[in-house]
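One chain, chain A, links the two complexes that follow: it is found with chain B in the first and with chain C in the second.
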Partner chain A sequence: MQAIILFGVLVLTYLMFVAKRMPVLIRSFRCQSFFLFLVTSIMAFDEHQLDLYIVAALLFVIKVLLIPYLLYRIMKKMRVSGDIGLFVNVQLSLLCALGLAYLAWIFSARLVAPSSQAQISILTIAFFAVLAGLFLMISRMSALAQIIGLLVMENGLFLLACAVSGGMPFFVEIAIFFDVFVSVVIMGFFVYRINKLFTHIDVNKLSNLKG
Partner chain B sequence: MTKVFFIILQLILFLLAAPLLSGLISKVKNNIRMRRGQSIFQPYYNLVKLFSKEEVVSGDSSWIFKVTPFIVFSSMLTAAILIPVFIFSPMHQMGDFLSLIFIFALGRFFMALAALDTGSSFGGMGASREMFISSLVEPAFCLVVFCVFLQFGSTDIAVFSGVHPVSICSFITAIVLFMVTLAETSRIPVDNQETHLELTMVHEAMVLEYSGRSLALIEWSSYIKQMILFFLIAQIVFPVNFSGLWILWYFVWIIIIVIAVAVVEVFVAKMRLFRVADFLGFAFVLGVIAVVCAILGV
Partner chain C sequence: MQIFFILGIPLLLSLATLLIRRQKILGIINCIGYLLVLFCGATLLGKTFLSKSTISFFNFIYMDTLSTFFIFVTSIVSFVVALYSIGYIKKDVEQGVISRRKARIYYLLFNLFCCSMFLVPAVNNLGILWVAVEMTTLISAFLVGFYNTKKSVEAAWKYIIICSVGIIFALLGTILFSYAFSISGLEKSLNWSSMVPVAHILDKNILKIAFIFILVGYGTKAGLAPMHTWLPDAHSQAIAPISALLSGVLLKTAIYAILRFGIIIIHGVGFGYFSNLMILFGAISLIISSGFILVQKDLKRLLAYSSIEHIGIIAIGFGIGAPLAIMGALLHVFNHAITKSLMFFGAGNIVSVYKKHNMNAIRGVIKAMPFTGVTVLLGVFAITGFCPFSLFISELMILTGAFTSGSYLVAGLLLLSLAIIFGAFIYHFGKMLFGNLPKEMIVTKEPLSGKFVFSFLLFLILIPGIGLIFINKDLLWIAQNLFQR
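What follows is the complex of A and B.
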């Protein structure tokens, strides 16, 4: 069961490489977070930990409901087209994704004893999500897409923490969630300001001087 | 002797039941859209109508144009007796998964030739688009074959029926095959079967010059192709072991696939031609994941 959900996370991460428009990206981020929520709930159910239940609930409220809603609102408010500019086209992005997944696989296969196949696959997917977020941040022009890249990286780190230690300490977890939420709000505000000053959120054109 | 009987039975099943699936898909689609829609036997009526009509052949066409419907039809029938439906291995060691792909390719090759043959502009356009799509479909399809090979040690289609438990790998393979099926049977994200608008059509543009009996044969063979692909998906996701109520399981799976195709057709918009490359590229990457899963053994 957990393996199928992890596979879902993997496919959704690939889907983000294919996405060409903002709503698709937000929707796949929302689905990815939902799958993370499922993973956490299963883990909590297995280990009978109250902390993990609360973490899962927080994950659901913040990452599945609040942050996508905020991103949608920013997108609507700015009335920019949903287009996320691609530095790297879709096919090349997919190839890069395959390469990154391979790197993540090699890395996690070195890290863990080769006998635990399940452990390797969960680590691979977590690392891959981190690398995918990084790739999204450097290869998409729209500032909103870069925010999503950061969030995907955070998702990957969360998965990594789950895989390695069965969840971080409770307060750390809550602090991180709060951090992420606040950072999204702040970044949304910044994007809003950028849009107001430059009338677009294409980061590529930020170097032009505006009087 | 019983084997011959079963092969003939299988052929008759494919010939008779294939149009029904198309009718079923359009019925489900219309029900989702809250319409009444045409009867599920409409494809049969269309076939009967086309068979009773006179055929018009362009004076500039060569023998390829006349012979193509028969080649397409017979290649689809050949493909239909390769897959196990009633018995374990109908054509033992004579046909495997790879040969299925090449039999499909043979039919498509002659279709493209015939479309170019009459020299109409639509035919050439349709042929070039079809070749573009099929060149993208084939890698994904071949990865499905590799995945099956890695899992079962043989590409004989009969090998993977009845032996394996449902794994993640077979699940992913089935999804890849589903995406390939959408492209191969010219379903909506890739192509639209219903329109005759020159901007969107791929398969329809190729058969535009055909009429009467030849058109009926081509339509019929595309129904059979669709049914073959559905059966393959059902085989990969839920392997039957030819005992008990396996026919019932087949029936359930085919219905599920029909509903899935209909839902995709209703809720997904048709892509631009150059977005098809992304769609099939995604299928290819999923195929690579499936191969990796097969190697890891999950």
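What follows is the complex of A and C.
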């Protein structure tokens, strides 16, 4: 069961590499978070821990419901086109994705003992999500895509924390969720301001400050 | 007990901004509040320093001399910033640059920002430490983009994105630390105080990888090159009092975080690994910043690059690791915070009179503003490490440490870049401070609170420098204790 869900996370991460428009990206982020929610709830069910149930519930409320809703709202309110603005075209992005996945696999295989195949695969997917987020932030021009990239990195870290140490301590987890939510709100606010001042959200064109 | 005051007073003050409407009263209350915080910070430092003990509450707060020292530095700088803000904000409101409502928002954000910075050195849990550092970024982004111009919003966006990505890597490092902790069969915990005693049995490879992530992550926040790209933008676009706070203490909170993990690394992997990485990043910072300082045209960017340089010196000081060098690095943290605040306040006054950042267009500051001009001149000598000022002492300590521990190459590099930066600073500021006034300039009087701030800061720059020449031997034991807890 868990393997299928993890495979889902992996596929969705690949999907983000080929997404050209914002709604697709937001939707795949939402699905990815939903799969993480499933992983956490299964873990909570196995270990009968109240903490994990609460973490799963928070994950659902914040990352599946609130943040995508917020992003959609920002997009609608600003009436910007949904294009992400690719620096790297889709085919090349997909090749990069393969390369990054391989890198993630090498890295996680070095990190844990080679006997535990299951753990290696979880770690690989987690690191791959982190790298995917980083790739999205670097290679996409829209400011909103950068926010999604950051969130994808955060998702990867969440999976990593689940895999390696059964999640962070409870109140740290809560604090991080709160933090992620606040950061999305604040970044959304700034995107809104950028749109108002510059009449675009193309990060590539933000180049007044140099030297 | 004092720590609750230190964390509570800024929170109460931020509540007060919602109730009190007059921004003048607000400024004065703020000042009194931060004076109290400063007092608490000093007693806290005295307590841990004299009794050589640690303070902890409920497994949540844990403070030793290192933490209380950083809290003390933060409290001094936040006090002078609160004092300087009164005059600065008043002038901005009078000139119509910001509205009265925005002045209150400024005080609200300022208090929250200070609170989050006080939280960083106080907490025990490394996860909460991460959250606190991220909170400092999120709150100060508003202060960077405060004027809502194209440039400042761009700077704020770069700041928030680059620092958030950096800090995500720090979280990755933190998770790997907890992984190293959990695979050695210990109970799950992210508390620093429970990690250090068992550091030597943790998996060495994982620790090494984790520390690289930590150094890249928190190093981004600390402004270590090559991850420094957000820093000149943010520091040059923020409001002058906030630039002082960003440069004086925000960077140091990130350095503090690196040191906390560094102590685990030193116990777990050995000193060489920590030392090499710190010296490497420090040296890159020195080289890059000295290059940019030479060719700089913008006054506040010049000061921002100078911060990168000093962060590099501090990193090198901790990296060398001889007790004298560690002591020097700690003192450098204090001295740089004070001196850079002075310089940013001076730059703020200059910019607000001349209305431009370009150094080639600014002439005759000493004639226009005699008091500010002279203090800035003294500040230039202080920040480049000229003799009677305290930065000279701390730099000398780091250099001596480097020579006695045999790192001649590092010492040579340090000396070379210090010389370059000294020349560049004298050149840039010589042109600005002296010379004739532009024709259309009208000379105005300077506010009293500003003068008081400058005198206070100058006092702080001079006295420890002279005092430490005589007593620095007695202080060495702190440095010796610091890494061997």
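The rule is short, and it goes like this: the second predicted complex is superposed on the first by the 207 of 211 C-alpha atoms of A that agree within 3 Å, B and C clash if a C-alpha of one lies under 4 Å from a C-alpha of the other, contacts with A are read in each partner's own complex, and residues count from 1 in each chain.
As a working rule, a residue touches a chain if its C-beta (ideal position, glycine included) is under 8 Å from a C-beta of that chain, and two chains touch if they have at least 3 such contacts.
This one's a predicted model, so the numbers in the text were calculated from it and none came from an experiment.
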Fit-or-clash call for chain B and chain C when the two complexes are aligned on chain A: fit
Angle at the Cα centre of chain A, taken between the Cα centres of chain B and chain C once the superposition is applied, in steps of 10 degrees: 160
Touching partner for A:A109 - first (chain B), second (chain C), both, neither: neither
Touched partner set for A:V18, first chain B, second chain C, both or neither: first
Touched partner set for A:A97, first chain B, second chain C, both or neither: first
Partner chain(s) touched by A:Q117 [first = chain B, second = chain C, both, neither]: first
Chain B versus chain C as contact partner of A:L86, first or second or both or neither: neither
Chain B versus chain C as contact partner of A:N208, first or second or both or neither: second
Touched partner set for A:F7, first chain B, second chain C, both or neither: first
Between chain B and chain C, more extensive residue contact with chain A: C
Minimum Cα separation, chain C to chain B, after superposition on A (Å): 24
Chain A residues contacted in one complex by chain B, in the other by chain C: none
Residue ranges of chain A in contact with chain C within the complex: 110-111, 130, 133-134, 137, 143, 146, 150, 153-154, 157, 160-161, 164-166, 168-169, 171-172, 175-176, 178-179, 182-183, 186-187, 190, 193-194, 197-198, 203, 206, 208-209, 211
Chain A partner contacts - residues on chain C that touch it in the complex: 125, 127-128, 130-131, 134-135, 138, 141-142, 145, 148-151, 153-158, 160-161, 164-165, 168, 171-172, 175-176, 178-179, 181-182, 188-190, 205-206, 209, 232-233, 236-237, 292, 295-298, 301
Chain B contact footprint on chain A (complex, rising order): 3-4, 7, 10-11, 14-15, 18, 20, 90-91, 94, 97-98, 105, 117, 121
Chain B residues within the chain A interface of the complex: 168, 171-172, 277-278, 281-282, 284-286, 288-289, 292, 296-298
